[in-house]
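In the two complexes that follow, chain A is the common piece, with chain B as its partner first and chain C second.
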Partner chain A sequence: MTQLQKTSFKASDYRSDNTPIWCPGCGDFHVLLSITKALVELGTAPENVAVVSGIGCSSRIPAYTNCYGFHGVHGRSLPLGAGLKVARPDLTVMVMSGDGDGFSIGGNHFLHACRRNVDMTYVVMDNRVYGMTKGQPSPTTEPDWDSALSPGGTGLSPFHPLVIALASGANFVAREFSGDIKGTTRTLVEAVRHPGFSFVEILSPCVTFRPDERAWKTQIHAAPVEATDDPARAARRIMTDDGFNVGVLYRGNRKPYNTHVKDTAGDPAILEEEFEI
Partner chain B sequence: MTGETKLTNLQGNHACALAAISAGCDFYAGYPITPSSEVAERMSVELPRIGGTFIQMEDEIASMAAVLGAAMGGAVAMTATSGPGFSLKQENIGLGIITETPCVIVNVMRGGPSTGMPTRPGQGDIMQARWGTHGDHPVVALAPASVAEVWSETRRAFAIAEAVRTPVILLIDEVVGHLVETVAVDANPEPVTGRVWAEGDPANFQPYEAGPSLVPAMAKPGDGRRAHMTGLTHGPDGFPTQDPATASAMLTRLFDKIETHNSLIERFEAIDCEDADIVIVAYGISARAARRATSLARKAGLRVGLFRPVTLWPFPETAFRTATKSAGRILVAEMNAGQLRMEIERLTSENQHVEGVNRFDGEPITPEAILTAIDQSKEQAA
Partner chain C sequence: MLKQLEGSVAIAETVAYCRPEVVCAYPITPQTHIVEGVGALVKSGVLSNCEFINVESEFAALSVAIGASAAGARAYTATASQGLLFMAEAVYNAAGLGLPIVMTIGNRAIGAPINIWNDHSDSMALKDAGWIQLFAESNQEAVDLHIQAFRLAEELSCPVMVCVDGFILTHAYERIDVPTQEEVDAFLPPFEPVQVLDPTEPYSIGAMVGPEAFTEVRYLGHQKQLQALHLIPEIAKVFQDVFGRETGGLVHPYRTENAETMIVALGSINGTIKDVVDAMRESGTAIGSIGVCSFRPFPLEALAKALDGAKRVIVVEKSLAPGLGGMLTSDVRMSLLRQAIPVHTVIAGLGGRPVTGVSLTAAFELAVNDQLEDVHFLDLDHAAIEHEVERSRLTRKSGPTAENILRRLGSGV
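== the complex of A and B ==
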């Protein structure tokens, strides 16, 4: 049976033969697993899913899937994914990023992707550090985290992606922990199904440069209240929680970006009237 | 194609937009910037009429990225910008080159550097077009000289992009972009064709395996082929590699595929060059002043010719050498401090004297300035 005829899939159908170059214990392994499990549940054929990323350890993920992969340049995966989705509304587009890729160099695209509300899912593997470039502080790093580049810490206020996503108009906002495969899978399924721009921040430990993040698994707990459709309320909750509430935090009902479905197939005859003088 | 033409008055930037649509362009992403904005304005009106997509992005980086994503998805895609925006697009242009994504990037050139003179002409971006993105890479860049040529070169830009699977840069002078001229356009323009989609058994598909054309067939997302696009150096399977032989083969093929398609890519004009003592080299709007200057010089009995590259990159080297065989003196007229002159100096022999006629004050070069340079050059030769 070819993939085209297949109507149900196993997690392994979504995995390529490439061996991840991640460090043993890296949280991103779990994210990869959750994505394949979510795709099984969604039942979308691998070739109908596009996985788009930037640059970073986390952004290596498309090569490990069996989907249509686009591994672009640092920080620019969101506009690339938007172009693809707008041109091909039939595809399921998942944009995968890291906290440096997505919130620093790609920060402006993040704001506008939330505003634009193209129907796609944005997953950021947040490890609060630049893993690939060997341990520099990122926008989500704690102000007192000591590193060679910032002895004693940056002293800077961390970026709050979930609140910023809400303020910018994202239509679905959730936080998950990579080690919670069941929860992450469930949320990813919902994020893909939810119309418009869905943002899922996955806390995904960098065991090499942030060994302290191994403790996350003991700090994680389910959000004590149900998700809301009121962005102000969701933002207040997120601003005041301990940063380890996981689950869906906000479900919006904004209309997704209008993607045209071509019917005239680029008929240039329409130009005829332009040429009369 | 019926061969029937219609006359119409068009502004250069509008001609670019309409020619793009006639060529089959159905996706535009951009960010407003003078003096290119009319391209976007026209596209925003025309594209929805044909069921295409116009999208204003948050900046030029995003515009270029969106164009790549759309093109890989199957759209015939373009963006247009000017100086500062062209700078911002460079990293993604490199991604387009290495992933072999067909697209057209229009740069309506203004006076620079930096914010420069947004409403004045300049030709200071031609080396940026060649080397603006980092690393070794081939580039295709075209420089039309009139509104009629904006029409034909825009269509050709798409034809090249689609057939050779590469970004193509269209360098339009501000003067040409804003000029309104009467042009004869094809009454029934046909969309360009040339994109080759992969066919056959998806099982052992290699996204970057190329046949004799050196252009790999593209995998259409959703058609059952597993394809991985990456800006990392990759092998035929599309996956990253640091193997020296594979790395070398990838880049060699990228260069060779451009060379293989030279007959499609190269375009130039050589006028009165056969017996010329002096050849003027000029492109874009400067070539129109040079054309006037050469015909006046001929009338005055001087043996002066004009070599006008329409394809700036790859530079038509052989044609240039042939056109300047008899010439002892070569004048390169351009609105910058001598960018193409560097290339010309590389291509000339010891017995050929190369000079520049340069201007970078936001004003176009006049025929008189070129005539004066011809006179001075003649005196020096005497």
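== the complex of A and C ==
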């Protein structure tokens, strides 16, 4: 009963006892911290938050939180999250992914999740590499990045998640850097509060397979302009920036996907009734 | 040439000597080292005239291979587990179109629960897609089967999966006789596709076929597999002539003379089984084993012949058909239609659980004494099962099974 009535939380209330097995120095540690801090600011009880993921280093995150977690199959976190949200519209749904999981096998779901505009937040920890399988190029990897799986580089134009999100109808688009905990926390709070599908790309360095990404902290700078509600303007800005602008780039006004499921499952009175002795 | 190599690296090197013209690569554990190995050989120039494509998914990997094969190129890819299931639609497509793609499977369990370790659930899920499935017992056999697979696939116009136990073989360092380019060239002729892009006779592949001809197309796919039952031993014989090694073929009988108890299994577990057979033979038990190398086509006759005279058969399986028991067992029973021999199933090694000689010996001894259940789960933690069953009996909201069991194991209760 005391848990259900609690209204203020500490960051540690959102952390489970599981110790992350990320490599020391991984940017994802900071993302985890920013998420817990954002949830403190939002004041949402851990049991009212669902953290959904796919497969990959970043997708381990649900187990490190004390929220409801769902570790799905590779690339499928967005439809899982959508199913969860339409069945339980009262929950705050955060879908967590990486550039491999989210933009390769999950790429098609990304387009349609933006279109569907279900009220949830999609966080992609982008390190431009497959880390869990030990260093293969992802859709956001630079074309000349050499690896065993891409001899001499892929030669492919990198996927541009923010532009694709805009073109597909996401209602909130932002980029952050994992090392900027304050900025990331602020943006995550705003992303969760913004109605509809919010997309936040977090540049999160992989120090093991992309040691060059340690330099990101010196390359990051705040976006020189205010966020816009015009997707065409936002797209132009993103396509002409250097890839290291951070902050909120787009706040849209599209009406979120309308759920018709009656919200009774999360009613505390009904829950209490069930547990009454 | 004899080399001390990781299984994946030896497979990659051998595949390169088979001169694939298109290789599609996507990482998934425990297969990644294989395609990375091929990539490294493309980069170093050992494998030239090869388009090495890093794709966005397993579905794309096999689909690109299908496109390449349909255009007349020798195409290769490799995958495992969830990756194989993700490409399932393309797996059927390749077989239905008769495209001789060779694909390595680094056998691994299927989730949920998520598990990266070895069992045979992945290739079993696609056993009836129309592909030939060959299982390697050792890394030497894995290497040799790849060379045979290209020849088999191309002679029949039928795709072939070479199933290699994940980690147990893919990540094991062994002394392996890796063939030379000259040896492979002497055995494997250049690919001559039956379907070519011919401007004098243009056609579109992938026709819609209705009830009037669908069965016939399927029947011809079946007939191809039956043809393979003859071709597989023939190719193994030619291979032996060129390389001097007996490898491949339909089945591998081991100490089957006068055996009353016969063990049947797929893949690397046959190594442990042979050790157990040796030890039990030494203590006077009439026991032998048969490794099934060709799982599809299934060697019904060869197996019936090899099992003739046995009093009992025990099939050790690294996969489970829930609600039935063993999938290999069903096939073994099919081969014994005209022989009244009891067939037991031992489910072992699921999700990478080690299969020990001690546990296998205990199960085989039970069988020898006619005390083994029809379907036996090796080293099953009965306390964990009872605890979870009781838990779900007591409360409707009993929670997720896997997490409950892990929590209990972690707490040591």
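Quick note on the criterion: the second predicted complex is superposed on the first by the 260 of 277 C-alpha atoms of A that agree within 3 Å, B and C clash if a C-alpha of one lies under 4 Å from a C-alpha of the other, contacts with A are read in each partner's own complex, and residues count from 1 in each chain.
By definition in this document, a residue touches a chain if its C-beta (ideal position, glycine included) is under 8 Å from a C-beta of that chain, and two chains touch if they have at least 3 such contacts.
These numbers come from a predicted model, not from an experiment.
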Which superposed partner A:Gly107 touches (first chain B, second chain C, both, neither): second
Contacts of A:Thr133 with chain B and chain C, given as first, second, both or neither: second
First (chain B), second (chain C), both or neither touched by A:Pro46: first
Which of chain B and chain C A:Val173 touches, first, second, both or neither: neither
Contacts of A:Cys26 with chain B and chain C, given as first, second, both or neither: neither
If touched residues of chain A are counted for chain B and for chain C, the larger one: B
Which superposed partner A:Val73 touches (first chain B, second chain C, both, neither): both
Touched partner set for A:Thr154, first chain B, second chain C, both or neither: second
Residues of chain A contacting chain B in one complex and chain C in the other: 55, 71, 73
Contact footprint of chain A on chain C as seen in their complex: 25, 27-29, 32, 35-37, 39-40, 42-43, 52, 54, 56-57, 59, 82, 86, 111, 114
Chain A residues touching chain C - in the complex, by the definition given at the top: 55, 71, 73-75, 104-105, 107, 130, 132-134, 136-137, 139, 147-152, 154
Of all residues in chain B, those that touch chain A in their complex: 6-9, 18, 21-27, 29, 46, 48-53, 55, 57-59, 61-63, 65-77, 91-92, 94-95, 99, 182, 185, 187-191, 202-203, 219, 221-232, 238-240
Of all residues in chain A, those that touch chain B in their complex: 2-4, 16, 18, 45-48, 50, 52, 55, 62-63, 66-73, 76-88, 90-91, 108-109, 111-112, 259-272, 274-277
